[in-house]
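We just call them A, B, C, D and E in the order they show up, numbering each chain from 1.
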Amino acid sequence: MFKKLIDNSAARSPWLFHINAGSCNGCDIELVALLTPRYDVERLGFKLAGTPRHADIVVVTGPVTAQSKDRVLRTIAQVPDPKVIVTLGSCPRSCNVFRGSYSVVGPLDKYVPIDVSIAGCTPKPEAIIDGLALATQILKEKRGAK
Amino acid sequence: MEFLIKIVYILIFPGLLFSSVFGLWLAGIDRKVVARMQRRVGPPVLQPTYDFFKLLGKETIVPSCAARHTFLIAPYVGLISLVVTALFIPIGGLQAFGGMADMVVVLYLITIPSLAMIFGGSASASPFAGVGVSRSMVAIMAYELPLILVLLSIGRAAGGTYVTFSLERVTLYQQMFGSFLFDWRLIPAALAMLLVIPCEVGAHPFDVGEAETEICEGPLVEYSGAPLAVFKLSHAIKMFIMTALFCALFLGGISTGMLWLDVVIALALCSVVTLICMTLLHAITARLKVEQVFKFFWTVVSGLALVSLILVWFVD
Amino acid sequence: MMLANYIGAIALIVIGFYAMIVKHDIIKIVIGMGITDYGLNLLIVSIGFNEGGTAPIFTFGELTSGMYFVDPVPQALTLTSIVIGACVTAMALALCVRLYKEYGTLDSRRIRRLHG
Amino acid sequence: MTYEIFKHFPVLAIMCYFVGAFIVTLAGKRRMLRNVVAGAVMLISLSLLLSLVVPVMVDGQIITYWMGNWEPVEGYAIGIAIEVDALSLFFGLLVAIAVALAGFYSFRYITQDDANGPFFTLFLMLSGGVMGIVLSGDLFNIYVMLEVMTFAAVGLTAFRSWNPNAREAAFKYLVVGSIGSTCVLLGTALVYAQCHTLNLAQISAMLPGNMNPTMVFAFAMLFTGFGCKSFMFPFQPIAADAHGAAPSSVSVLISGVFTKTGVYGIIRVSYFLFRTMGLTSMQTLLVFIGCVSMFVCVTMALNQHDFKRLLAFHSISQIGYILTALGLCSALGIAGGLYHAINHTLFKGLLFLTAGAVLYATGTTYLEKLGGLARKMPQTAALFMVGAFSISGIPPFNGFASKWMIYQATYEKAAETGSIGYALVTVVCVVTSVLTLASFIKVGQSVFFGQLPLEYENVKETPLSMRIPMWIMAALCFLTGLFPDLMVEYLLGPATAAVLDTARYIDAAMGAGYAEIVANSTAYLAEPVLVFAGTWDPVSWLLLFVIVMCAVTLVSLAGRRSRGALTLADDAKHATFFGGEEAEFSHVASGDLFWGFKHNLRGYLNFMSRAHSGITNDYVVWGVCAMAVITVYCFIFM
Amino acid sequence: MLPFIKEAVTGLFSKPSTEAYPFKPVEAPAGYRGRIVFHADQCISCGMCERVCAGGAITTHSEETEEGTLVTRRFFLGSCTFCGHCAAFCVKHAIELSQDYHMVARTEEELVVSGSYLKKKPAKKAEAACAAPEESTVKPREDGLPVNDTSKCVYCTLCAKKCPAGALTVDRKAKTWVLDEDKCIACGTCHDVCPKKAIIM
């Protein structure tokens, strides 16, 4: 009984933790835009958590810069299982226009497996909602697999 | 039979099960209505419940440099003492264990969960938690002064020619002479109490201790999984307890003769109080700074409560 | 006669307190404590004094009904008090010696590691 | 049953300590022998007093013992009396228990010091002095014992040769303490001048109602003197210095027992000898001093950076509670005050012992240097938490039970007198309680929780012989808080009745009917009936707590399989979250805490900080001013 | 305070301004640059798109087959900035940025838009013509001044523009190339800049 309850709840209350890995802030702003009355992801149970310990979904923006790499990886490691890693925008997926820069050591999938990538520069908030919905699904799958 | 009823009281009706469910429901409508006030759709009313169960299913990480036992035990102690406190507060004339603790005791009992959170956070060895602990404690210092002034005013008003701390007598007095909310001398105290509730619960705009954007939720920064769920549940139950305390202190006079109807009315009033003092405040204010909270409570709110105290003592 | 005693005692006590308040040299503070003690002793002895009374141990002669003693109790008290006062002074001076060794000064304004 | 045999117990209890002190000196460097003698002495004394519980507390006897069998002649007490009523026994028990626990703790604790030979001599002298004060029935005897006690305490304060502050603290203590002694002696002399007797019972039969200016002055002197010994408001800085510098087990005695003699003295002086507590002005004075001590010291404590110094200030703050409660002159107030006295001895003793344990393990009590010790010393941390919860009045520990009684007493007093001032006293009490909590959270965060500095990586839990006394104290903290009813029935009730019923005390010493013949009034100052304004039933609370705990445990066991895992490891995942940075040492300790509070009260706090200047002369000025103010106040209002 | 309360209460009783996105599809506004659509059949392999792509999202992969070269052009949306340069530079309008913004994927492959087309091998005859380089019929002048091979010249006027001495006059319409020998300094710039190598020196 508990298991079913927990499984069902897991899909309804995914909490996000947002990591900026050297982003230009475009994607960050769009992510915050999701909390505005227009998009209001809270109605789907999403919430921005203040610390990785509370999060289910880690949202990474920005190409992974040399400075931020260790921090990003450490923070991702600190998220309790089950967790889903979402890349927001093109940067963390491929470094985008910053590829080849001396200070960029991305993309992120060199270091951790990415579960969902949302393309766009920046993605439209609706696309982010799509991505997060997909992430929630994966979350449920991961919980089921455990 | 007597014993069975007691067990029902403890575990089901005002006790564990009901206070959890009702607390989560209050937290739910709070979130929903805040969203609606900001012209959002808002989460479903059951959202806090979902959050609670989801957190139960998460991994619990104990930081390697934390004081393990304190870290893990603290949330449960907080929860249990809250549930026990819920039993002492009359709900619409229903006194589960009202004769065992008075207002002042309740005042102290409701600091135990805050303390549990403070010590739990402290045990997690995070500097964010350290700052959060400091801020939570300042918030406690801030609201305790007006709260005791409010309780003393009520103790005097309900004592007639004498004083009383007994919640039971406060309720009885109101049933005989009408609710204190309609006593003009106590209106400032009621206002003060309405401002104390969000601070006690740790809701906007007084949630300096758990400011998630500034200090990563303060004492809760290292908590995950079941202990965090328990903290969230405690938070919800605290909303219930504080509003129920308000109803018992200021709206205790409502009596229809039928106990169950009284209880239902009291619970409805709890929800209304929640909406007024937490939801409305949340929707229209931004978080204060910690020294502003302290100053606000020791000047404005205490002033209000003191006015009531003086009125109660000198005006018949 | 007795009035002079009382005035003297009170004056001694006041002088003692004055020394303790005003003097920054810790030796002088100790001296002030001593003076206060002497004032007290004087006071107590004066309390027990009866004009024309004989010494309480003086019982060789005939004890007549009109005869009376000086009250012996205050004298006992004074003795005790003197002993205690001497001990206090000794202890305080011992501490002064140690303080001078540790702080290199006898100025009470500079012996203030413990403050605030 | 006859109580003949019990007559000799009190004097034996006092003598034990002194005899023990000399034998211990003879034992020299033989540690085992020394420990055995000291332990035996402390236990004998404790058991002697415990055996008096039944006759004195339950049966209501008052035991009078005339030294050398010099019984009163024709209504004049000529001998020195040892008189034990419920109040004396109450304080005596307090002393015996605290001494025994602190003594057993010292056996191991003191091995760190280089010169541990004289320690037990002084320790037992101090204990004997305190015991002598509370059991004595003779005013001058009290003075002598007071001096013996002060002496031993000064010696013990200066005892730690490696502590650079010890001599300074001892010196200030001696100088300011001498003001108190002077006052007591002056008062005693004046009382003798008036009554020609030193026997407490006889004085208290003769004095009340016969107040002349000399007696008012004598009263003011005695009051100030005992106030100085209890370190009430203007005398608090020396207490902080002395407690901080003395070895912890001695701090237990100084704060838990030594200060109680001051309280005891104030009770004896104002309730018995002069019976001035019936006067509103005296009540106001005592309550005012209590409130000021309470608030000033707790705010000072919030400012401290040293564990023991912080505890020392709290100690005075709690004395403030006791004085306030006693100043109410109502049965509930007195009972609450006495209750708080016993609780204070227990929880402050416990806290000082944990401070000692921290010092023993780490070598420092400086809050900024410590941190995270709960991982290395879990038991000490738990004990500290018991103590901290007790002192800050968290139910169901004992501090709450007594504070709760004090709140009620103050508020009832307000209703009785119709004065809103007493309501504000209640408010001050509650606020002080919260500030106490805050400062103990500061200690908890700075010492036991937070991050462990590297240099304390090898710290070990304190040895068992030090932990056992602490556990006993913790258990007592819990038990005395759990059974306030029993406490009231067997300890506080008789003691309160004894405080209010002077006539019985006089009769027991001077022969039946003496009080009525000599004294003008034998009526109670207040009805010795406890009237509670509220209810608090800790046992039921605990029961409910246990039931709910069982329920929660059952639920969580039922859901165990579906619950997430609990993981413990030492890797990046389990490192503390630093916003992604590698974990580094950034402990949030004492000075950084409570900024919002300190910022708002910075004017007041800075002023208080500057006022505690550390200059001996300043403290003497405070003391003399207090003496003068109290004297003037007494002359105006009595 | 009061205006805020009013705002909150009116908000409570008015319709929320939230769009019901996942339950009701939302069209991107006109001009939104979303998922890339590649019309492979129109591509002429000029490679312009690849050269202007800032994010390096476009890659070309050619494979020799029987019929010719199989050219596959991959657009990796995960690296795309959606700037629209590729579409703007494509002369054949083979690239188009649609209004589709659903670019969410679990794997990298889902984010790739690709199209391939076959670049047929030219006929044999043409090949032969190419193979034998044309012999220039125009001989260079003895005095080192430039001479124009009219068979190659396209009259682009580049040589005239670049000539430092202004010795050249080229008329595009009339297809004339005139050299003022007096002005010419025989610097060879015209030879260097001629895209068709029509100027011989």
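In this text, contacts are C-beta pairs under 8 Å (C-beta built on N, C-alpha and C of every residue); 3 or more make two chains touch, one makes a residue touch a chain.
Treat the numbers as computed from the prediction; the structure is a model and nothing was measured.
The chains in contact with chain D as well as with chain E are A, B. Under the contact definition stated at the top, the chains bordering both chain B and chain D are A. Among the chains, the centre nearest to the mean of all shown protein C-alpha atoms is found for B. The chain pair with more C-beta contacts between its two chains, of C-D and A-B, is C-D. Chain centres here are means of the Cα atoms, and by that rule the chain farthest away from chain E is C.
A separation of 58 Å divides the Cα centre of chain A from that of chain D.
Centroids of chain C and chain E (each the mean of its C-alpha atoms) stand 111 Å apart. Separating the centre of chain A from that of chain C, both taken as means of CA atoms, is a distance of 82 Å.
Distance from the chain B centre to the chain E centre is 67 Å, each centre being the mean of its Cα atoms.
Each of the following residues of chain E touches two or more other chains: 16-18.
Residues of chain C in contact with at least two other chains: none.
In chain B, the residues that reach two or more other chains under the touch definition are 35, 38-42, 56-61, 128, 216, 221-222, 225.
Every pair of chains that touch is listed here: A-B, A-D, A-E, B-D, B-E, C-D.
Contact residues of chain D toward chain A in the complex are 558-559, 561-565, 571-573, 575, 577, 579-582. Against chain B, the residues of chain A that register as touching in their complex are 2, 5-10, 12-15, 37, 40, 42-45, 47-51, 53-54, 56, 78, 80-82, 143. By the touch criterion given at the top, residues 1, 4-5, 7-9, 11-12, 14-18, 20 of chain E touch chain B in their complex. Residues of chain C touching chain D in their complex: 13, 17, 20-24, 26, 29-30, 33, 36-37, 40, 43-44, 47, 71, 73-74, 77, 80-81, 84, 87-88, 91-92, 95-96, 98-99, 102-103, 108-109, 111-116. Across the interface of their complex, chain E is touched by residues 33, 35-42, 280, 283-285 of chain B.
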